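Next come two complexes built around chain A: one with chain B, the other with chain C.
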Partner chain A sequence: MVAKTWTEQVHTSSLKFDDQGAGLKRRREHALEQFMSDGFPSRKHEEWRYTPLSRLAEGPCSPLLEPSEGIPESSDLPIEMMAKVVLLNGEFRQDLSDLSALPPAVRIQSLNQMRRTDPDQLASLLDQFLPQTSHPFHHLSDALLDDGVHIEVVEEGAKIESPIHILHIIDGQAHSGSAHVTGLIQVATGAHLDVIEEIRSTGEVLGNLRWGIGLDPQATLKRVRAFRPECASIFHGTRVVQQQGSRFDDLFSSSGGELIRNELHVIHEGTGCHCELLGAYVGRGKEHLDHHTTIDHKVEDCTSREVYRGVLSDRARGVFSGMIHVHQDAQRTDAKQSNDTILLSDTAEANTRPRLEIYADDVKCTHGATIGELDENAIFYLRSRGVSVDEARKIMVRAFTSEVFVQMEDRQLSDFIVNEIQESIQAVEVDHG
Partner chain B sequence: MSGKKENSMLEIKGLCASVEGTTILRGIDLDVKAGEVHAIMGPNGSGKSTLANVLAGREDYSVDAGTVQYNGIDLLELSADERACEGIFLAFQYPVSIPGISNAYFLRTALNAVRRYRDESEVDPVDFLELVRSKMDLVGMDEKLLHRAVNDGFSGGEKKRNEILQMAVLDPKLAILDETDSGLDIDALRIVAEGVNALRKEERSIVVVTHYQRLLDYIVPDHVHVLSDGKIARSGDKSLALELEKEGYSWLQADDAKAGNNA
Partner chain C sequence: MTEAEELKKIADREYEFGFVTDVESDSLPPGLDESTIRQISSRKDEPEWLLEYRLKAYRHWLTMEDPSWPKVERNAIDYQQIIYYSAPKPKKVLDSLDEVDPELIETFEKLGISLDEQKRLSGVAVDAVFDSVSVATTFSDKLAEMGIIFGSFSGAVKEHPDLVRKYMGSVVPYTDNFFAALNAAVFTDGSFCYIPPGVKCPMELSTYFRINAAGTGQFERTLIIADEKSTVSYLEGCTAPMRDENQLHAAVVELVALEDATIKYSTVQNWYPGDADGVGGIYNFVTKRGICKGARSKISWTQVETGSAVTWKYPSCVLLGDDSVGEFYSVALTNNMQQADTGTKMVHIGKRTSSTIVSKGISAGRGQNTYRGLVDVKKGATNARNFSQCDSMLLGDRCGAHTFPYIEVRNSTAKVEHEATTSKIGEDQIFYCNQRGISTEDAVSMIVNGFCKEVFSELPMEFAVEAQKLLAVSLEGSVG
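So, the complex of A and B:
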């Protein structure tokens, strides 16, 4: 049985790691035990109803990738960067990264190094920001924890002007396989940080990327994620814990993955927090783009705004499941959520599931979901000005997706992500009928 | 008149068109020469807007009979975007808003599409901005509208000015203004009309589709046609419009009734 091979391989690989501290050892053993008994969930599991994992579980991907020997080309972003962190097949590569301009207010460390030099601190950070839950990809990343990155703004009130660029390169040209990366980001009280995360991949690979983020009071973090992983499968999970008055902005764009599952869990632990979750995705071929978000409004006077938009052509499938959980004490919560999808073909499919659970009585929560087609009236308007039908349709796709980011004050970052989307639109067949 | 002016810009013969199986145009004949301004008037439902949209190439309408020659080419063979590139411009009765795309981007994309069609090089952003600014003065438009999404949240007057701005930038040979006066107060009407008048020139023809005579006080036509039940019921000079203003369209029904009795 092929599926058994996966768990066997995870078992064998996991046992090879020699953990220094008891905390890390315990996490790994627990995760391995869980994965051995649960494996990958079937479609009967509510949270995985629309996510096809059978191909992954039975496919040629092995649980681990060998370290890549070739040095892949990595182009620079059109934005000035504070630092660059390159994770090649899950390994933090100091030789490809550039931390030379890093100010003392920011510390960046490889998790592999922390495992050796500071295992107890790492275990306690992981327990704090990535507590173990019953989630197959979390089990995998804990059972196979090897490397990753810890980014910390240590100086209170430090405004870090340029973004940190995190580049995952998953090189499956020689062998298919999986890369598992765990990341931690902490921002000190009143400090600000921008992060741009990119994924590049070759070959049939799985990227399992998982982030734990902690924002101290009044801290702000703006994260841009631009995923264009070609044919890879990507699981990307983020858990954010926000303290009083902090703000988290997440700008997400994806296209071109065989299977992309984007999970976000934001927890407002302090009052007066705000989070802004903005996403745009463009799917074609048989791509599967899956978005699961949960916002836990635990305390009063917090706000959240979530806008996800998708454009799907061919046989692509988009899933959006958005939970807003307003706890009993979270009075005066203001939460807005919307998910809109445009289908460019009869065979594309969208599943959207907004979910609200409200246990406080003085709250404002709105949610909405639409599934539609391109506005033919607007297309005729463009054509009547000389624009060809193909270009007009692409412009309408661009208009629909980039509108998600128009309210962003940071033009540099929003322009960057709009350009990312624009490039993926160029590849989409937008023919009609 | 010069010999050149006698050349037809647009020659419509026996044009019949329908939408979703309902016949709307029942044999239109119209001859528009270069440099002329023609007004198409008529009551609601007479087919004015259909005529404008059929000429612009809207695919919701099907052309069932007749021919349309435009500068010697068969217009009906061309797609909507090809017609625009050949120099036909339709000012929309209801300009469409496109959230997410700035007015400037829209205009530049359109201008470059037309230029590419004509084998001209694309206009660079600096030259483009200069061009647009000069044309914005023409219609008294605020530059900040350039950076807003296309027609999104624009007032009625701003939308119509935006149409005339597009016309000025794209520099068409034949402009069709579909009810450009609708929804405008008298001040906005005057500004829009002045913009159109500034664009009148010998090589350009303009077809003004309107329900009311008042726009024609500002844009004075060379010819006026009254459309009724999908046909041109009467043609004349600008005095015909004044006559309509006084008498309304009721005489058309009387004529129709007479025609019905005779049949």
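So, the complex of A and C:
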């Protein structure tokens, strides 16, 4: 059984790590035990109904990757950055990163270093922001915890003007394998931070990236994620805990990647929080793009907006599962969620599950979902004005996805994403149906 | 009277069909094994093939697990404590209504269902099922003139075995789910209806179900076949006495619509919901499914669910024929400790198939109301169309409203839309009504009725009136 070797390999690899503190040791042992007994879930598991992991479990990826020797081509974004953090095959590379312009209000350090110098504090941060769950990829990242990054805005009210660029490079050219990264972001009261996260990869690899985010009262965090893994499987999980009056903006875009699972769990613990979850995805070939979001409205007067739009061509599959959970005390919650998908071919597939679970009565909650094709009338209109069919369809797709970006107030950040998406739209083989 | 008092008054009103009828019944002892099934089968004098079918279903059921995925909390059911067969005595072939036990007639009179054909003005043919056995069918002669077969399921097994054998289990096979398997093994009676080609059924057909005996489960089976170009409208109603045990109702309903046929199936479900603390009440675990087999056929489900401690059902449509149409209109109300996990499945297989889902959930007291639905557009379903709307209304801050739609699309020409909203009755709405001299109670009832209007307008006239009354009864007093 190949699948068994995965658990065996995880077991052997996990035991190699030597943890200093009791807290870290306990987390690792618990996660390992859980993964050994549960392994990867089958499609009978409700949360994995549309996303098979059998290929991954039986595929050539081993649970770990050797550190990469070569220095890959590093991308430069057309935006001025405060700092750049490069994680190569899961390892925080000081030599490739640039932290020289970092103001004293922000601290960035590698998790590997924290594991050695301050294991107890790391364990307590992990317990606070990434409590252990029954999630298979969380088990993996805890059992194989090696490196990652801790970003902290320590000064209250600090407005960090330009963004921090986090670049994951997963290099599987020599060997296929997996990279596991754990990240922590904390923003102090009233402070503001922008983050751009990018993923690039080569070869057949698995990237397992997991973030724990804590926003103090009135703090704001804007995050933009652009995923362009070539043929990798990416699991990306984020858990955000928001305190009173804080705001979290997330803009996600992806193109490429054999299997992308994007999980977001936002918890509103303080009153008057707002979160905005935006996503656009373009699926081609046999790509599988899976988005799972949960917003826990635990207290009153919080608001949330969620817009995810997908375009699927060829044999691509898109999954959206969005949950809005309004707890009993969360009166006057205002939550809106929508997911729209365009299918460009008959072999593409869209599965959508917009869910509401509501236990408070004075709330405004709506969700909407549509799945359809491009409007033939609009295409006819464009053609009658001399635009070719191909171009007309591309214009339509562009207009459809751009609706997500107009929600993002920050032009600089959204322009960057728009360019990314444009490129993948250009590459879409538009079906002449 | 203030709004809160008004709500309380409404919430406190009791279940009015909770009486027990004292009729002698012929029951099997509680418990389930192969000999129970053989006894049910022999008491009903069934052919060998049906017994075989039951036993196959039973053996399959043994391999299955009691499902736990619905969003409901309930007590475990001890399947060995249920009486699987209970029939009013004396059990003899009834030739006319005069021979029906007067106690039974009186029971149905109390429930507002007249079995007396002479007095009946509205022209609804009724098949009354008491505990597990069909006791009377009205108007069957008149219907027979047009070739319509309407009567008890066990009667049909004897008189029309070919039809029953051909279609029974073709829409809901016994392997379908845990309760469908159980039903296939132990079902006792139910209604059977066949509309011949080209016939438009001249009156509403109706089945009235009543659970009476204690400790029994009711397992009826309904099979409706609408042949080519025929039309039928079918109504189903149900009540049960107040008991502090949870009684199981696990029915199976199968609808088959052939080319150009239309079936309209309406349910007003008012099983005993248990008391305000959640003691007792019916577990209503029903499998209902229709297949639009022929081109241009149509199946429409309308349900008003106000009773039962736990309701768990998904009346579904398999849209196999090209241009076939599926509809689902539902009002589900949960008050006190009631729980409902209900919705529909629309499976689009044929070309240009369309479906409409309108679901209105109302939660009051500590009720939990869940809409769970699937819209599945298969690869070949070119130009399929679906519109779903799920609205929830919360009356009070201790209840819950949940929406879990599943949308799966494998064809690019499909157009699927889903929207859901959650709201409450606003103080401004009540104030507006009060200002115009409308009492709070009337205002609540007007707003709730307006909220459900799209569904009620789908119901046959007299059912719509009953449904509105029921809603007022079940809801009394719940605006927060």
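A few comments on the model shown:
What we mean here is this: the second predicted complex is superposed on the first by the 433 of 433 C-alpha atoms of A that agree within 3 Å, B and C clash if a C-alpha of one lies under 4 Å from a C-alpha of the other, contacts with A are read in each partner's own complex, and residues count from 1 in each chain.
By our rule, a contact is a pair of C-beta atoms (placed from the backbone, for glycine too) under 8 Å apart; a residue touches a chain by one contact, two chains touch by 3 or more.
Computed from a predicted model, the values in this text were never measured in an experiment.
By the touch criterion defined above, A:G386 reaches chain B but does not reach chain C. Residue contacts after overlaying the shared chain place A:Q426 against neither chain B nor chain C. In the superposition on chain A, A:Q173 contacts neither chain B nor chain C. When the two structures are aligned on the shared chain, A:K364 is found in touch with chain C, with no touch to chain B.
Partner contacting the larger number of chain A residues, of chain B and chain C: C.
Of the two partner chains placed by the overlay, neither chain B nor chain C lies in contact with A:Q121. When the two structures are aligned on the shared chain, A:P354 is found in touch with chain C, with no touch to chain B. In the superposition on chain A, A:R398 contacts chain B only, with no contact to chain C.
In the superposition on chain A, A:L343 makes contact with chain C only, not with chain B. Listing the residues of chain B that touch chain A in their complex gives 56-59, 79-81, 83-85, 89-90, 92, 95-96, 98-101, 106, 109-110, 113-114, 117, 149, 166, 170.
Interface residues of chain A facing chain C in the complex, by the touch rule stated above, are 46, 328, 331, 341, 343-346, 348-373, 431, 433.
Residues 69, 377, 379, 392, 394-424, 480 of chain C are the ones touching chain A in the complex. On the chain A side of its complex with chain B, the touching residues are 375, 377-378, 380-389, 391-392, 395-396, 398-403, 406.
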